[in-house]
Each structure stands twice: as structure tokens, then as C-alpha cells.
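To keep things simple, chains are lettered A, B, C, D, E and F as they appear, and every chain counts its residues starting from 1.
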Amino acid sequence: MSTTVFELADVEIFYGKYRAVRAVTLDVLEHEITAFIGPSGCGKTSVLRALDRMHDTVAGARVAGSVRYRGVDLYAPDISATAVRRRIGMVFQKPNPFPKSIYDNVAFGPRVSGTKSKADLDIIVEKSLRGAALWDEVKDRLKSSALGLSGGQQQRMCIARTIAIEPEVVLMDEPCSALDPIATAHIEELMRELKSRFTIVIVTHNMQQAARVSDHTAFFTAEQDPKTATRGGLLVEVGATAQMFSNPKDERTENYITGRFG
Amino acid sequence: MSSSANLAVELRTRKRSADAAFGWVARGSAAFVLLVLAAIALTMTARSAPVLSAMGLDFFTSTQWSPPEKVYGALPFVFGTLFTASIAIAFAVPVSIGVALFITQVAPPRVRRYMIYAIDLLAAVPSVVFGLWGVLVLSRDFGLGRSFLTAGIILAVMITPIITSLSREVMETTPQADKEAAIALGATRWEMIKATVLPHSTGGLVGAVMLGLGRALGETIAAALVIGSALGQITTNPLAAGNSMPAVIANEWGEAGTLHKSALIALAMTLFVITILVNLIANAIVARAQRRMRGA
Amino acid sequence: MATTAVTAAAPLTTSSTPDLRSRPNWRATKSALMTGVMILCVAAIAIPLVAVLGTVVSRGIGEVLRGFPDFFTSDIPVVSRRVGPGMGPAIVGTVLATGGAALLAVPLGILGAVYLNEYGGRSAFARTVRFMTAVMAGVPSIVMGLFIYLVWTMRMGYSAFGGSLALACLMLPVVITSSEQMLKLVPQTLREASYALGASKSRTIATVVLPAALPGIVSGCLLAIARAAGETAPLMFAVGAATRLNPNLIFEANTALSLQIFENANLAFEGAQGRAWGAALTLVALAFSLTLVARLIVKRFK
Amino acid sequence: MNAHTNKEFEQELRTLRERLATMGERAATQIALAMKALVDQDDELAREVIANDMHMDRDENEIDELALQILATRQPVAGDLRFITMGLKFVVDLERIGDLAAGIAKRALELNRLPTLDSRIDLGSLANLVQKNLNAALDSFVKRDADRATAVIAADIEIDRMNASLFSALLAHVATDPATVTRVLPLTSVCRYLERIGDHVKNLSEQVVYMVRARDVRHRQLGTKG
Amino acid sequence: MSTTVFELADVEIFYGKYRAVRAVTLDVLEHEITAFIGPSGCGKTSVLRALDRMHDTVAGARVAGSVRYRGVDLYAPDISATAVRRRIGMVFQKPNPFPKSIYDNVAFGPRVSGTKSKADLDIIVEKSLRGAALWDEVKDRLKSSALGLSGGQQQRMCIARTIAIEPEVVLMDEPCSALDPIATAHIEELMRELKSRFTIVIVTHNMQQAARVSDHTAFFTAEQDPKTATRGGLLVEVGATAQMFSNPKDERTENYITGRFG
Amino acid sequence: MNAHTNKEFEQELRTLRERLATMGERAATQIALAMKALVDQDDELAREVIANDMHMDRDENEIDELALQILATRQPVAGDLRFITMGLKFVVDLERIGDLAAGIAKRALELNRLPTLDSRIDLGSLANLVQKNLNAALDSFVKRDADRATAVIAADIEIDRMNASLFSALLAHVATDPATVTRVLPLTSVCRYLERIGDHVKNLSEQVVYMVRARDVRHRQLGTKG
């Protein structure tokens, strides 16, 4: 039995008074890839961002319910968001390299965490780039700008930058939506390799991608919220991916994954 | 792997005083703007009080400006300022937009690059240089004399690169996709410009024009050199010599007495208020155009 | 309208050869006509501008080259009637006043912009500051000169630093606005990337946001400096008049290129006018080089 | 369940369903005609049944092709996927049923060349039961009725039982009159064919249950076969 | 047998001296959906834009070889690009409504083509919006800004705007890449409906989309160009979509569509 | 062909291939053991074969499950899709072969309870040929060798011919000695089982050809069956 990394119970996320997502109760298991799927506005990205307290950076956003990381309530008043984020890395929808050299991009996190020695940084940068299957492509131009890389390479560099802080969890928010099928395949392969070292949670609006990469899938949808009378997201079903795609339990899931969009 | 208790300790908040301090320094810097503006408003109001209490509302309505008689009526200068600025805008705006359209929509890439450089450089030419050229070449060598028209032309030449440069920047932000949509629907170049570039740029163009107008209104030196320094002229004849608020201040400050200085400060105050109004209107127009662009 | 009966169009199956040839029509003509108007506009603005620059160069170059490099180093002749160099004190004065202004306005402006974009957002205070910045940007330069005269020169006397203060007040809103614009262009995703790597807010601003916006900010500041260097009116009230070199920023009256142009332009003497053209050429060259550097920075980092 | 947003896909699934039902009907008809040819000693009808088997083979190919095309172009999942893979296996059984019906017709031709057996063995009731089961299985498929299909699976025991008793009866015949052996042998074949058809019908029903209930009943219940 | 609408023979597209795509010989049949697929840089979008002379708007772009539209050489000197584009409409990757009302957006093309009468325009606008399956959603707010529509609605409005000029062909350049699965499904369904009236050519980097919607598929790839020694696109294989995805002829096609990206 | 960029997918395809090969080997073993039980009159071995059929049933379920999971999560097309759908149909035949081997074992149990037939009928050479063909078919699958599979399809005619001659020999036996009828009947069943295994092997080979050559050879050549 795998260790539970995240334990969400009755999580709701508000933007001001608007309840963007509700009824989120799910576990994320260690060394697995968990995928969040669902239509636009179902709140899957909001839930992902709740896992490393990225909502702190948005005025008016609020997380209710219990979000536990290895038993610790992430939203307890004395928990530091920056400390949380150093344990829980995040990769974004569009590759977002800093306009710095490849080396400085990857070394950014370790430097923030206090690693100053050039020798140590060299080792971390190489290890991270190898981990992101990018080392061979960039080892000769570590000092050139990261913006000169192709889209797929940039995204892999962002993954390297994230794993350079040695997080335990890597959150990914539609990491391939800006990439072509070949770059996507490489990122997906990388994810499968990374799961031996990290726990991965990925948001994707590409159902096939969830089917291809994930071990567990959580399906969200958007419905009329009985309390606020606006459309809001909610969690419908979580299950093993192979089972979700061959034999989902909830009819809403079945309708969505088979392409019955009403 | 640390136990849950250890983990909780590790994730605990550490005080981040440096973070907070940086935020307050930034806030203080921003507040400086308010401080300076308040100081300007207070100082100017206090210093213009003597002439305003002496003249009352006549200061704004009287056409008589006679320091020796201690009569200060600002109306001719207000008129002169608005008249020259209008002439300048009338010349500069169509030309600027035409040039900006040429640069962004017509010129081949190489020509475009050089024209952009040229316009940006011209926008940086100090106004006093235009004034110099105006007084020594346009009014003397070309015999145009010192008049509203001369000042208007000099101001127009001065603000055209500025308006062009801003307009070009705004027009360049028209999404290529929008332009292609129009082209793909069978539109000619001009139809495409009318459908996409102009609507998209409306807000920015108004902003650019208003900025140009603000410059024209507040421009002291070029106007002071070529407008003619006539006192009390209210005429729509563009070839007549006239005067404008900034020119009067610049030309008379040196030899002014206490009440005269107060009158000049009140004149500056008036100019200040007019430019603020122009800016407010410009802001409102730009904001409305942006709201419309966002589709609210 | 909703009641209009709409029948499905028959499939547009034209097996015959379509006629796609171009033939003259009003739409194409109109488009060509408008292009012609644009070209006329280019000519309309090119002619006077070329004339201005041409005159400045042709009249200024002789003055500058006469007894080179005396024009840049000699004191200004006390007797305006005299023909000959130079503009040394004015150049130094311009550099002092403008440099001082930059030292005051640039850090303050950038920090203010950081507040507006990174902290203030849409808060009431930030909106007020933003609005007042726009108002301040519209304050005519002569008003700013008067203001400095009233609060500074009247007490401390004429000096280059008074000019610096006036110019700084003019530059500040420009620096804030252009810097905020540049900060706004930094994608939110970069900040998120930094936060996601565990960086604090001040660290994120210092090591990610500002470096990313730096080329644009520097370029905006250079343009603001270039514009300040050419200002005349505010200096009239703060710098005073001098004909001898005064390298002291804080004390004693000084002069500037723009002031010299303004004063000499009104004089009917050949020598004074010559020096005015020389000063104009110098000032234009200074403004051009600052502008070019700004553009190069932007181009380099784009 | 809703209709597919993709109407072409919906149409393809409907076509697949209809093709499967049609093929099932053809199989039922083939059995009925083969039995009629046997009972009526109708050589011509028997030959017709044998010739018609070609259509069943073609059905199998075309349905496979359609299923493959749907899998390749629509990337179905969940219920749709179960239905299509079920279809792929469904046709295997239907095609074999067709083969067996043709086999019955061939045995009928053989028997028609031999003298009639005095006391007729009651193959008709076995054939009726098999046909009834096949029709029930097809019906459960069309109506997506797992309960009905489960009943068909249970009914197969009856077919096996009936087959065993018929077999003993035939053997008894040979024992009393050894000369009938050449005539009994084809009849035992027909028996076995009917029993095998019964097995295929059971498979079909298991596929239906699997598709509808999404759990694998095949080989779990009801022990081993053969 | 369907009529051939486009006939491309040995088409090559250059940007300056760079040969972006070569060896394009294919036919597009009437009332069919033809899909162009292939990895980034394979030139599929370049070829699409060659079909309605959109390259005319790009300085330095040049089309070589023969592009025939119903037998007419589109690049003959006496052919008017605007006349071509009125026959051949185009829908773009990102929904790009003009910042005008919905009505004015759809009426733009007809107005440009000289339809002035309000009554005629009303009819055209309604018919086009109905054709794009958008009428019921927007009929009560035709005068409000098109920018207020959702992404999927905007894209359908762009399709309405295109069919308002009654083109014979509609070109679509990755029309769903900015949309979520539900909006995508609606656009795809719309395409299937439109093909009874129009001929459609679509560029997509989503292979499954090509499989779902198209009748014929053209596979492009990027390879070393023997002539220019740079990487350039080329056409590998054209065929019926069902056949391409179940039994492609060229091994490069098979490798790409099965996800063998080397 | 290259390896898949998606290594998990690649691994799943490899697993599917291995599972199919293993199941094929099990089927071959089952036939061999059943025939050995028949020849050696080994009741225990026969019962073991019957019990082992359970494993073949489980194989079918698990392979189906794997194939379905691959179809649901990988959305395979082209060659991969053909391979997986082939796998789905492949197991049907293998499972039936398993059933038939168990059938032979059951007949062996029946025969062991009866006196031995004096002159032994040469079932061995038919069984050998069938096994040889099955092994060849499995080999052609593992090596993706369409030529080899085509040869297997052709060889099925030989099995049919051999079966027909065995059948006549058995009938001749009954004619000369009517008392042997109860012993001959199970032997005719074994004959028929072997022939049916041969048919399934032919089907397997056709699937291999289809997968490799991507064209449907099933039912096109070689006429009708039954």
C-alpha cells in the first residue's frame, strides 16, 4: 500500500464570494501520477493550485476544508507558504523560463534555498538537467539564454528547474497544452520516469493524456451550485485510471470521457 | 522522510522582516508623487492668492493685461494658448496618423525599421531647438513673422513625431490574427485598416493626441520665441501676433514685481488646471475604449 | 428579424471555371488612394523636419568645428556680440542638472512603479497614486519651474541642483509610468514560477521581475533623461545664469545648453546666433545618442 | 445514456449494432433452414444453406473492418469500447454458428443419400431450444438486457442435458441395430453441432452481460465446458 | 466521383531563401474534409495559407509550383487575391473576432462585398449564425460585443463570419487548439455539418482530431532538405483517413501516428 | 519499426505479445498431454489436462482485460491497433483449442473404461500434424512471419484429408465389428476435435497474416469450411 501524500477533505475554493469548486475529497498517493480532468470551469486547476498554496498570491482567493500534506494541515496559520512551495514544486501551462541563462534558471531555486557554492550548484544543475532528459541537448550552452530553447525543451528545463529544489511533489498544470505531439510525448515519457522519485499531480484537458500517463484519475465537472445558484466545479469521481477509462462508475464521467457532451 | 510532526516544524513560518521592509519602501516611493503634487497645489494656490483677491473673477474674464496699472486679465493668454494648440493639433493629428499607418501597414520591413528610428529620434529633439529654428528661419528667413500661425506650425512640427511614435506603438499591438481575419474575408488593405487597426487603436490614439495636446498647451519656449508677445490680442486671424500663458510667464518673470509675480503664478495655476482637465478627459476616453475592447 | 424565414442555401457547386481575375473597382481604387494619402503625410512631416535638422547641422557644424575643441571647453563670451566659442559651462551645467535629476527620479520612480504593479494592484491607494502620476505627467514644465523657484530657489538661490529638482519632478511620473508598463509586461507566470520555487516576494521582485523588465525600464529612463536634458523653462527659474564653468552641483548659479539657445536666439548678433546653433547641434546630438542607446537596449533584449 | 456529440461516431456505433443484429438473425435463419432441410430431406435447401454461409463470412469481415475503423478513428473508451470489442468477439461466435449450420446442412445431404432411420430421433426439440436461446441472446443484445442474457447462460445446461440424452438414445439405436451405424453417425454430428451452437450462444450471452454490466462473467460461473 | 477543388502539384513555399516545404502534390475533393497533420515545422500551415494567397501579406514569402483551384492557377499574374479570398474563407487558430458587435462581425464580409441593405444583411447574419449553430445562443444579443462570448462561441462566430461571405471552401488553421474538449466537440460537429455545403481543409496537430473529422488526411513531416541542407517540411502521404489510421502506407506515417517519435 | 516513445505502452504491447505466446504454448502442451493420456490410457494425466483448461480460461480473461486496457488508455492506431484486435480474436481460438484438448482428455477417460480396440487406429499422425501446425502458427506469430503463417493455412487441407480417411477407417471398423460402436464413437470425436483444432490453428494463422500484411485473407481464399 502506497503512502498517502495529500489528503483533501471537503475542500472548497472561493474567489471572493464565488465558490469555484466544492466537494473535493481525494487522496494522492506517493510515487504515482494523479491526473485531474474535466471541462473548462470545473475547478481542476484551482484545486491543483491549492496544493502548494499558490492561491496566496491571488487577492480574494480562499481555500476552505482540509488540505493535509503528509498529515500536516497546509492552511494552518503558522505554516509558511514558501516552505511549502519548496517541498511541492510546480510546472505551468506555458513554459515560463526566466529570461536568464539555462544555468541560472535551474540554479534559481537552490540559490533561493541558500546554496551558494559554485561547485554544489554545478552538480545540482547537471543532475536536474539529466533528470529532465535535457542535459545532452544543452550541456554545451548552459550559459546561453533559456529563451533560445524550443518549446518542448523550455518545458523540460522548467521541469529541471523544479526538480532542482528536490521537492517531494511536482504539480503540473496542463504542461503540454502549448506543445506539439512529439514534444508532448517526450514530456509524458519524462513524467513516467520521474514518478519513481516524485509524486506527480497533473491537470490536463486532454483526456487521452490522462489515460496515457496517470495511475489515478480524478474527474471534475461544472454544475449549478445549489448554494450559490451559479455554475461551479465539483469532484465527481476518483479512481484507478485504467478502470476510469474502461469502466467508470459515475454516468457523468462516462458521458464526458466517451464524448457525450450534451 | 520526516515524520508528520517534524514536517510541521519545518513548514512553520519564519519572520520575514526584509520582505515587509521592501514593501514599505516601495509604498513610500509611490506616496512621494502625492507629496509633490500636494506641495505644488498648495504653493501655487498660496502664491496666486494676492492677485486673485485683488482681481477676483475678473482675472479670468478680463482682456486687459497691464502690469504697470496692476490690471491682470488672463483671458487673451488663455485664448492664445488654446488657439495655437488647436492649430498645432489640426496640422499634427491627421499627418501623424497617416504616417503611423504608413509605417505599420504599408512600408516594407526595411523602410519601416528606418522610419521608426527616424521618428523616435525626432521625438527627442528638444523644443528649444524647434523654437530656435522657428524664430531664426521660419519667421525671419521665410518671412512668416511672429504669429499664432508660426507658433502653431512650430508646435505641430514638434508634436508630430511624438504623436506618430505613440500611434505607431499602439497600431503595432493590433493582433496579426485580426488583420488576417479581415484579409481572409476579402477586404482590401484600407478596409482591413478601417475594420481592425483603427478600432483597435482608438483608445491609444486618443491618448497619443491628448499627450500631444498637453505638450502643445504647456510648451513654453518654442511658443515664447515665435508667438509675438502681443498683449491682449483676441483674434481668430492666425497671422496676427499673439501670446500664450507659458510664453507670458517666461517672458515677464524676470522683470516682474510682487503682485505681477503673483499674477504670473495664477496664470501658471490656470494652465495647470487646463492641462489636468485635458488629461482627465483623455484618461476617461482611453479607459472607455479599453473597456469596449475587452468586450464588457 | 427572428421571424424571417431562412432557407438553407443550395450547395455552392460551381463546376464551371471561377472568374478570379482582378479588374478595376472602386474598393481597390479607394485602397490605393488612401495609401497615396499616407505617403503625402510622410512627405508633409518629412519636409519641415528635414529642414529643421538640416539647418541645425549646417549652421551648427561650422560653429562647433571652429577652433575645435574650443566650443566644448571654453567659457561663454561675456559679451554676446562676440563671435566665437564656446559652450563649455552650458554642457557641464546640462550634464550636472540632468544627472542630478536622474539620480533623484530614477530610483524613486522605479520603486514607485514596483509598488504600483507588484503590491498596490487595484487597491484604492494605488489607484490614487496612478491617477496622480498621470496628473503630474501633465504639469507643464514651466509650472514645475515656478514651483521649484518658490520652494527652493527663493531660499537656496540659483544652482544646478535646483534644476535637478525641477527636472526630477518632471521625470518622476514619466519614469513611474514607463516602468510600471514594463513591469506589467513581465508575465505573471514568471512570478508564479519564482513563488513555486519557494522564493519570497521581495526576492521574486529583485531577482526575477526587475531583471526581466530591466531593458525596458532602462530604455524608458534614458528617454526620460533625454527629454529632461532638452527642457528649458524649468531651468530658467532654478539654474540662473552663468558664463563661467561651475562644476559644483549644489552651489552658485549655473547655465545649460537649452538656456543658452533660448537666450541667444532672441539676440540679433551673429556670434550669439552662431553659438545658439552650435548649442542646438550639441543638444540634439546628446538627445539622439541617449535615444539610440535606449532603442539599442530594447532591441538587444527583445 | 446521452447521444454522442459526434454524430458520425454515433451513426457508426448504430451501424455496428445493426450489422451485428442482422448477422445474428442470419445465423438464426441458417439454423432453422438447415434443420428444415434435415427434416424435410430437402437437398436443394441444404445446398442453399451451405452457399449462404459465404454471407456470414463476409459479415464477419465487414463488421471487423467497421470495428477496426471505429477504434482507429474515434478512440472510444468505457462503454463504447466495451461494445466494440464485444462486437469483435461476437462475430467470431456468430460466424462459427454459421459454419455449424452449414455443417448440419452437409450432414443432411449425407443422410438424404442413406435410407431413413425407422424410429426418428427427436432432434427437433433440441434444435428448437437452441434456436430459442439464440433468439433470446440476440434480443438481450439489442435491448442491452443483462438479466435476459444471464437466463440464456443458465439455459445452456438444459441443452447439454438434452444433448446427452439424445446421444444415449442414438447409441441405443446402434446397439439394437448395428447396421444403422452409418446413419447414426451423421445424426450424432448434428447433435454435437447443435450443442456447439448452444455453447456459442452462451458465449454471445456472456459478451452481452460483460458489455452491459462491465464485469467479466465469462468462465467465472458455470464451471468448465467441453 | 467527387469534383477536385484544389490541385497542388510540386508546390514549394519559400520564406526568403529558406524552403519551408516541398514536394506537395495533392488533390482536395469537394464536400470533403481534408486534414493536414504532422509535427511542428512540417509546413502544414504554410501549405494551407498558400490556398487562399495569405502569403501575399507576408514580405518575402513565395509559392512555387502549381496551385490550381477548379482548374484556375491561383498564382497567375492576373488573379486578384481579394477575389480568391472571397471564394476561399479562412478560420484561424485563436478565435479572432473584431472588436465590434456580433452582428457587425458577421456582416463585415458581406458589407465589404457590397451588400448594403439592412434587410439583406439581417438575413445573411441570421443564416450564417444558424449555419454555425450559434443563432439560438446569441440571437438576443446581436448588438453586444463579440468579445463577450466564450472561446468556443467566439470560434463559432468566426466560422459564421467566414460562411457569411458564402465561400466555396473554408480553410481552418488549428481551429480548436485554444479550446477545451467540449467546445472542440461542438466545432468538430459543426465541421461535419458544414461539409455538405462547403469544402473544408483543416490543419491540426491533434491526430485524433484528424481521425475524427476528416475524410482524407495528408501527413507532412520535417526532414533535412537535400537542396538547402536545412530542416524543411515535405508531404509524405495522402489517403483516406480511415485507411491512414488503420493501415498507412509509409513507415514515417505509421511511426508518427502510432507515437514512435524516435 | 522504432520503439514507442511511450515506454509504458511499449512494455504493455510486449506483455500482450508474451501473454499470447505463453497461452499458445499452453494450448500446444494441452494437446500433447491429452493425446499422451489417450495413447497411454493414463486417467490421471487426462484429469490433469481437464483441470488445466481452467488456466486457459483465465488466460483468455486476463489477455482480454489487458487488450481492453491498452485500447482504453493508449488509443492505438495502425499496426498497434491491428495487433491488439488480433490478440482479442487470437485468444478466442486458443481458448477453444484448450477446450478441445480437454475434450480429447474426456474422451480418453471414456475409452479407458472400455476394452481396447484390437487394431489401433493411427490418430497419432493426425495429432502430430495438428501440433506441428499449431507450433508453426505460434512461431509465425512470434516472428511476425506472414509466409510461414500462409503455409500453415495451406497445410490445413492435409489435416482435413487425413481426418476424412481416418473417419472412413473407423466406419469400416464398425461395419466389420458392430460391437465396437461404443468404442469407435469417442474416437470419431477425438478425430473431429483434432480437425477442429486444425481449423482454429488456421484461424490463428489468418490473424497473423492479417496483422503483418494488413489485408484480410480470412475467408477470401480456400473456400468455405465446415
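The rule we apply is simple: contacts are C-beta pairs under 8 Å (C-beta built on N, C-alpha and C of every residue); 3 or more make two chains touch, one makes a residue touch a chain.
Source: prediction; values computed, not measured.
Participant: Considering only chains that satisfy the touch condition with chain B, which of them also satisfy it with chain F?
Facilitator: Intersection of chain B and chain F contact lists gives A, E.
Participant: What are the chains that chain C and chain D both touch?
Facilitator: Neighbours common to chain C and chain D are A, E.
Participant: Same residues or different residues where chain A meets chain E? The copies count as same if more than half of the interface numbers are shared.
Facilitator: The interface of chain A with chain E is built from mostly shared positions.
Participant: Of the chain pairs A-C and A-D, which one is connected by the greater count of C-beta contacts?
Facilitator: Top pair by contacting C-beta pairs is A-C.
Participant: I'd like the Å distance between the centres of chain C and chain E, where a centre is the mean of that chain's Cα atoms.
Facilitator: That gives a centre separation of 45 Å.
Participant: Suppose each chain is reduced to the average of its Cα coordinates; what separation in Å results between chain A and chain B?
Facilitator: Using C-alpha averages as centres, the distance is 48 Å.
Participant: Which positions in chain D are in touch with at least two other chains?
Facilitator: Expected reply: 5-6, 9, 68, 72, 75-78, 81-82.
Participant: Of all residues in chain B, which are in touch with two or more distinct other chains?
Facilitator: Residue numbers touching two or more other chains: 188, 191.
Participant: If you look at chain C, which of its residues touch at least two other chains?
Facilitator: 27-28, 200, 203 - these are the residues of chain C that touch more than one other chain.
Participant: May I ask you to sort the chain touch graph into line, ring, star, complete or other?
Facilitator: Basically it's none of the tidy shapes, so other.
Participant: Determine which chains touch and list them pairwise.
Facilitator: A-B, A-C, A-D, A-E, A-F, B-C, B-E, C-E, D-E, D-F, E-F
Participant: Which residues, counting only chain A, touch chain F once they are in their complex?
Facilitator: 182, 185-186, 188-189, 192, 208, 211-212, 241-242, 245-246
Participant: Could you please specify the touching residues of chain E with respect to chain A in the complex?
Facilitator: Interface residues on the chain E side: 39-40, 180-183, 185-186, 205-208, 256, 259, 261.
Participant: Could you pull out which chain E residues touch chain B in their complex?
Facilitator: Against chain B, the touching part of chain E is residues 52, 54, 57, 59, 82-83, 85-86, 89-90, 92-94, 96, 98-100, 108-109, 112-113, 145-149, 158, 161-162, 165.
Participant: Would you pull the chain F residues touching chain E in the complex into a rising list?
Facilitator: Contact set of chain F toward chain E: 1-6, 9, 75-82, 214.
Participant: Please output the residues of chain C touching chain A within their complex, sorted ascending.
Facilitator: 121, 187, 189-200, 203, 207-208, 211-212, 301
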